[in-house]
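In the two complexes that follow, chain A is the common piece, with chain B as its partner first and chain C second.
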Partner chain A sequence: MSTATLQDRYAEVKDRFRSLFNVFEGALNGHRDQPMHTLRKAGIERLDVMDFPTRRDENWKYTSLNQMLRLPLQDSYQVEVDAATIDGLAIPGLDAARIVLVNGLLQTELSDLDKIPEGMELLPVDQALEDEAVKGQISEMLDAAVKNDHNPFSALNVAFAKNGFVLKVKAKAVVEKPVHIIHLAAPTGEPVFINPLLLVLTGAHSEGAVVETYDALPGADQAYFSNILTRVHVGVNAHFHHYRIQNDSAAATVVSNIEAHQQQDSTFSSYLVDLGGDVVRNNLSTILQGQNTMTNYYGVYLAKGKQHIDNQTFIDHALPHCGSNELYKGILDDRGRGVFNGKVIVRQDAQKTNAFQQNSSLVLSKTAEMDTKPQLEIFADDVRCSHGATIGQLDESSVFYLRSRGLSDLQARQLLQQAFLFDVVENMPLEAVKDYAEQLIEKKLK
Partner chain B sequence: MLSIKDLKVNIEDKAILRGLNLDIKPGEIHAIMGPNGSGKSTLANVLAGREEYEVTDGSVTFEGEDLLDMDVDERAQKGVFLAFQYPVEIPGVSTATFLKSAVNAVREARGEEELKSIDMLKLLREKTAMVGMDQKFLQRSLNEGFSGGEKKRNEMLQMALLEPKLAVLDETDSGLDIDALKIVADVVNQMRDANRSFLIVTHYQRLLNYIVPDHVHVLVNGRIVKSGDKSLALKLEDQGYDWVKGEAALAE
Partner chain C sequence: MSDSMQTLEAHTRSDYKYGFTSNIDSETLPKGLNEDVVRQISAKKGEPEFLLEWRLKAFRQWQSMVEPKWPNVDYPPIDYQDIIYYAAPKKKPVLNSLDEADPELIRTFEKLGIPLDEQKILAGVAVDAVIDSVSVKTTYKEKLAELGIIFSSFSEAVKDHPELIKKYLGSVVPPTDNFFAALNSAVFSDGSFVYIPKGVRCPMELSTYFRINERNTGQFERTLIVAEEGSHVSYLEGCTAPMRDENQLHAAVVELVAMDDATIKYSTVQNWYPGDKDGKGGIYNFVTKRGVCAGDRSKITWTQVETGSAITWKYPSCILKGNNSVGEFYSVAVTNNMQQADTGTKMIHLGKNTRSTIISKGISAGKSHNSYRGLVKVGKKAENAHNFSQCDSLLMGDRCGAHTFPYLEVENNTAKVEHEATTSKIGEDQLFYLQQRGISEEDAINMIVNGYCKEVFNELPMEFAVEAQKLLAISLEGSVG
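What follows is the complex of A and B.
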């Protein structure tokens, strides 16, 4: 395709986002002079200087969002969902405050806004921007999201996010109960544009977790675009866990930009389970701002049908005595496709870095595909780094062993596939979330 | 129970079994001995249904049905069990989960109900005790990091749980210390009854001191070249295989 045509096509896409924004802005009356609005405008204006990624960009070589970009996306609007439906989406055994967003819009009645655990605080983003204590940090975070120079999606999220939240974990608070954000796509008959936005600020010496689940109601089989923005600032000696279990409809496009910043002695752990969606693209990165930090990335992907799941991860070791541990495993069946691009840089000053990365995939059909690219760039000499990538099939002698004890071929293969993925999931410290993820995986393998 | 007629098996076009005949009646224990590479494990694996082995001729009938026509799992469900010479390690699959699935799969095939959790626990407790295995192995991944002897014990545990009609033990005694060996013999002797048969592949007369076989066969070069009673095992232990090989060569 010639450059001119591409430019024209994306010019058209940009215009559609701009007019969508104009409609949104028109409905905002009264809120136009709020600080959030300035950021939103900066978000949409980002399209003036940034292009949508194409497959000619090295990091988008295998993933095209064109199908979604061609859709006449609509802004999301309120859809009624009853309490029983939401109860059905709760994680059994998980004691958590639930926040419910349907098509990106907060369902106040269904949410435990008044039951946020002690030591945590949940604020709407626009309110946080007027809160003396956090407004500086929050506007910086949003500004950085707008200026993301890898893709325009985080800027678009800022422009369009309706019910973005700031989750604060207070200094020294060790909060055992997580906040569970239930994201639900409900049928609208039109391709909607959903922009979940979560900013996490954790104080020094604190500990906390957020669990995000993404589901779709039956009937939500029209295409929709879930454009997720998550930014986490982990304070000095603070420990934060971010769980995301994505079980969107098979017609969804999911793009997420997740970025963590870590102060010294902190831990950030990310657990991503991708089961749903048509095209899924996760950009997960961490910036280390102090020494002696630990970063854990755990990822599971399971693509069947013609699902496409692309994980890009990046850890920049710029300071000494930091560790990172990354384990991604996935299964590609039918015409499913997976991409993993894990970049780790260990800069010259980052002595005593411990960086481990492993990506393993099972490709179970002739038409399934996996492309994996571990990129470890080491410029320091006193470090311990290892990485590995394997792509294989189920071990047939294991299948035989199980069958020789009476398990059917299907049962044997399911059990082995489960074991392969549970190896990642079992690293989740929240037992109830782990069990839930395992159940969903088991169900999808059936 | 089992009738093998003129069985010929190739692996990658190489003839391994070259016309093997064997009849096992209900309640009988047969032992097969023979030099390394003579085809003992090949026979065991063909009975279990391993696909890499190509049966070029002959037949195997199990309780009147064509065994070679059955799927691997169907054989297990109908009561054929192979204790492997080298059980595979399966990381991530807990031994307990696996054992429960196996017990229920076999029960379901027999038209029995799934065992209730509490009954399953009782059964597992009883049988692990029977094979002298610590309960904590149940929580570990299947055979992963098990010692040679522990793997063999686990095979015996599976046999005890699945209660097959025909159990083939492929060198279950190799690598076992004397206590473990006695346990294997104990399990077999406890399970021995008028309707259950065993085919025991071994290199050592030692095991046969504890499990007294009804028949002993010598497999050389893909054929049974000599059969006898338990005294044959003693003679082999004493004199090695050369004399049988010699007799076999003369016969050809």
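What follows is the complex of A and C.
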């Protein structure tokens, strides 16, 4: 297709988003003079200068969002869900304050808004923008999201997000109990546009975790677009864990932009498990703002049917004495396709950096595909950086061993696949979340 | 700055040892490129009609193409109309012995250490020396001819074996493959042609010395090697170039075709003028090299030692089409001062049970940048493909960069693809150990670097391995910390 027609088509897509925004704006009675609205407008105006990525862009070489961009997306609306359904989606054994969002809209009745653990605070974004203590930081974070020049999706999230939250972990608070955000896609019959937004601010010397699960209710088999924006600021000597277990419906397109900023001596750990979705694209990046930090990325992807899961990770080592550790593993079966691009930059001043990255994939069927690109760019000499990537199949001698112990061929293979993925999951410090993820993986492998 | 750092700096600042210009009269076309220039080049070489048509087609394509911007290198835009596209030494005598040759030329070769004289021929090297664009002397041709091996300059091959040229030219790298390949196809001046008939094992290493000699002359070489069923050939290519202040463009194309059970080993030592300490001058080396393992059980090995050029941009690749075919890539790339290298390989697995190995060793010093960019692709029908890649980078100094861009694309579930990469510097403990055994710091560094590159040097034919080790020492002279 020539460039001209592509541009024409994207002009049409942009117009659709613009008119969707006009509808949304029209319904925002009395909210027009709030600071959030200025940001929303800046978000939609970003489309004037930014194009949607195409497969001609190096970073989108393997992933096309055209199918989703053709959808006549609708604004999401309230759908009633009963408490029993939610209980069924809770993580067994996890003691957490639960927040429920259906199609991106908060279900106040079902959420433990008054039971947020001590040391944490959960504020709606528009409220946070009027809170003297955090408004500066929050508007800066949203502004940066709007200005994301890699793709227009984080700007679109700011424009359309309805029930965005700010999670604050107070300085010196070590909070053991996490906040569990349950995102649900409900049947709507038409393609809806869901924009989950989460901003995390952690104070100095604090520790905390947030667990996000994405599920679809039975019957939510319409195509929908979940456009996730997560930004985390980890304070000095603070430690923060972000868990996300995505089990959306097979018709969903999921794009997420997750960015962490780390102050000195801090740790940020991300655990991403992608099981659902039709086309999934995760952009995970970390910017280091202080020395002696540690960044952990753990990722699992399991694509079956015609699922397409694309993980892009980026760590910018701009300062000395920092470490990063990345482990991504996945299984591709049927016509599933996996993409991994792990980019690590070690800048000139980032001496004594210790960066490790490993990506391993199992390709189980003739029609499955894996494209991986572990990319290292190093400008400093006193560093230890290594990356490894493997693509292969189950070890037949291991299968044979298990069969000699009385397991059937199928059982042996399932067990080995599980073990392959559990290797990553077992790094999750929250036992209940780990068990839950393992259980979902087990179920999907059957 | 530490002492060792200073030694490193002193080492990296050493000058290019092979910089000199030989005065040979050249017959040169005016600067610039248009259809007339392409026609003139073709006419001067007395080429058949089909080749002129081929060139013109490539030229028209080239006009509609844009220069690629994706390599991780930086250089001022090239004015393609400011380049001389044809320069040939005027005298082209038919020589019976070396005494008849232009003494200036012989001296040039001697400085380069090319074994053209009698004793050196005994070393078993047949040399097709290319000064600028036209072959001056071909040795051992008769002996090779007895076996039916054709080893000649490209223009001779066009005259003597047009049917082979017609069949294989552009069959691996089509003229429209990329910007520089198209440019080369339009204006290529000369090069080498090798044809190894069925079942013949070439008794000696074939080698060609390319030398860029004319100021402002872009060198557009074309090499084509065809190895018929069951044959075996080892080809060496080595380069040095004189000191220049203006950047010179070199856009060569190398095509290899290996039939059933054939083996081609292609080794390169590249030591062109890298520019001075501030990045002034130096060669732009934008090369397309590709081999196709067309037959079953065929094998292509690329070995390269890249120490020169201001900018290197090349990806010797293998298309593993035949079942059980093997592709190998061994590379040492050294960059110093302001040099930039973006190099690597592509292994395209198409046939069943194909295997490939990639060993890449990058060494960056000074303010240079060294990138490995590679693709391993396993096609849908490539059952049981196996690849192993290892890309190591060694950094010397804190102003240089090492980058890796490996692409792995696997579409078959029986494939095994492994990639690993490390980046490090020379360990202080290693240096200390060698020094306390009485080895000077500089020798210790050379020893460590040579050890680091050993895996690649082991793949080079012996004469080349010796030269490569010397080259490495010269390129990194004074540089370690």
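In this section, the second predicted complex is superposed on the first by the 446 of 446 C-alpha atoms of A that agree within 3 Å, B and C clash if a C-alpha of one lies under 4 Å from a C-alpha of the other, contacts with A are read in each partner's own complex, and residues count from 1 in each chain.
Everything below uses one rule, namely that a residue touches a chain if its C-beta (ideal position, glycine included) is under 8 Å from a C-beta of that chain, and two chains touch if they have at least 3 such contacts.
Since the structure is predicted, the reported quantities are computational estimates derived from the model, not experimental observations.
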| item | value |
| --- | --- |
| Which of chain B and chain C A:Met370 touches, first, second, both or neither | second |
| Partner chain in contact with A:Asn292 - chain B first, chain C second, else both or neither | neither |
| Partner chain(s) touched by A:Thr267 [first = chain B, second = chain C, both, neither] | neither |
| Which superposed partner A:Ala389 touches (first chain B, second chain C, both, neither) | second |
| Touch count on chain A, higher of chain B and chain C | C |
| Partner chain in contact with A:Phe400 - chain B first, chain C second, else both or neither | first |
| First, second, both or neither for A:Ile378, with chain B first and chain C second | second |
| Partner chain in contact with A:Gln222 - chain B first, chain C second, else both or neither | neither |
| Chain A-touching residues of chain C, taken from the complex the two chains share | 70, 380, 393, 395-425, 481 |
| List of chain A residues in touch with chain C within their complex | 58, 348, 351, 361, 363-393 |
| Residues of chain A touching chain B in the complex | 395, 397-398, 400-409, 411-412, 415-416, 418-420, 422-423 |
| Chain B residues within the chain A interface of the complex | 48-51, 71-73, 75-77, 81-82, 84, 87-88, 90-93, 97-98, 101-102, 105-106, 109, 141, 158, 162 |
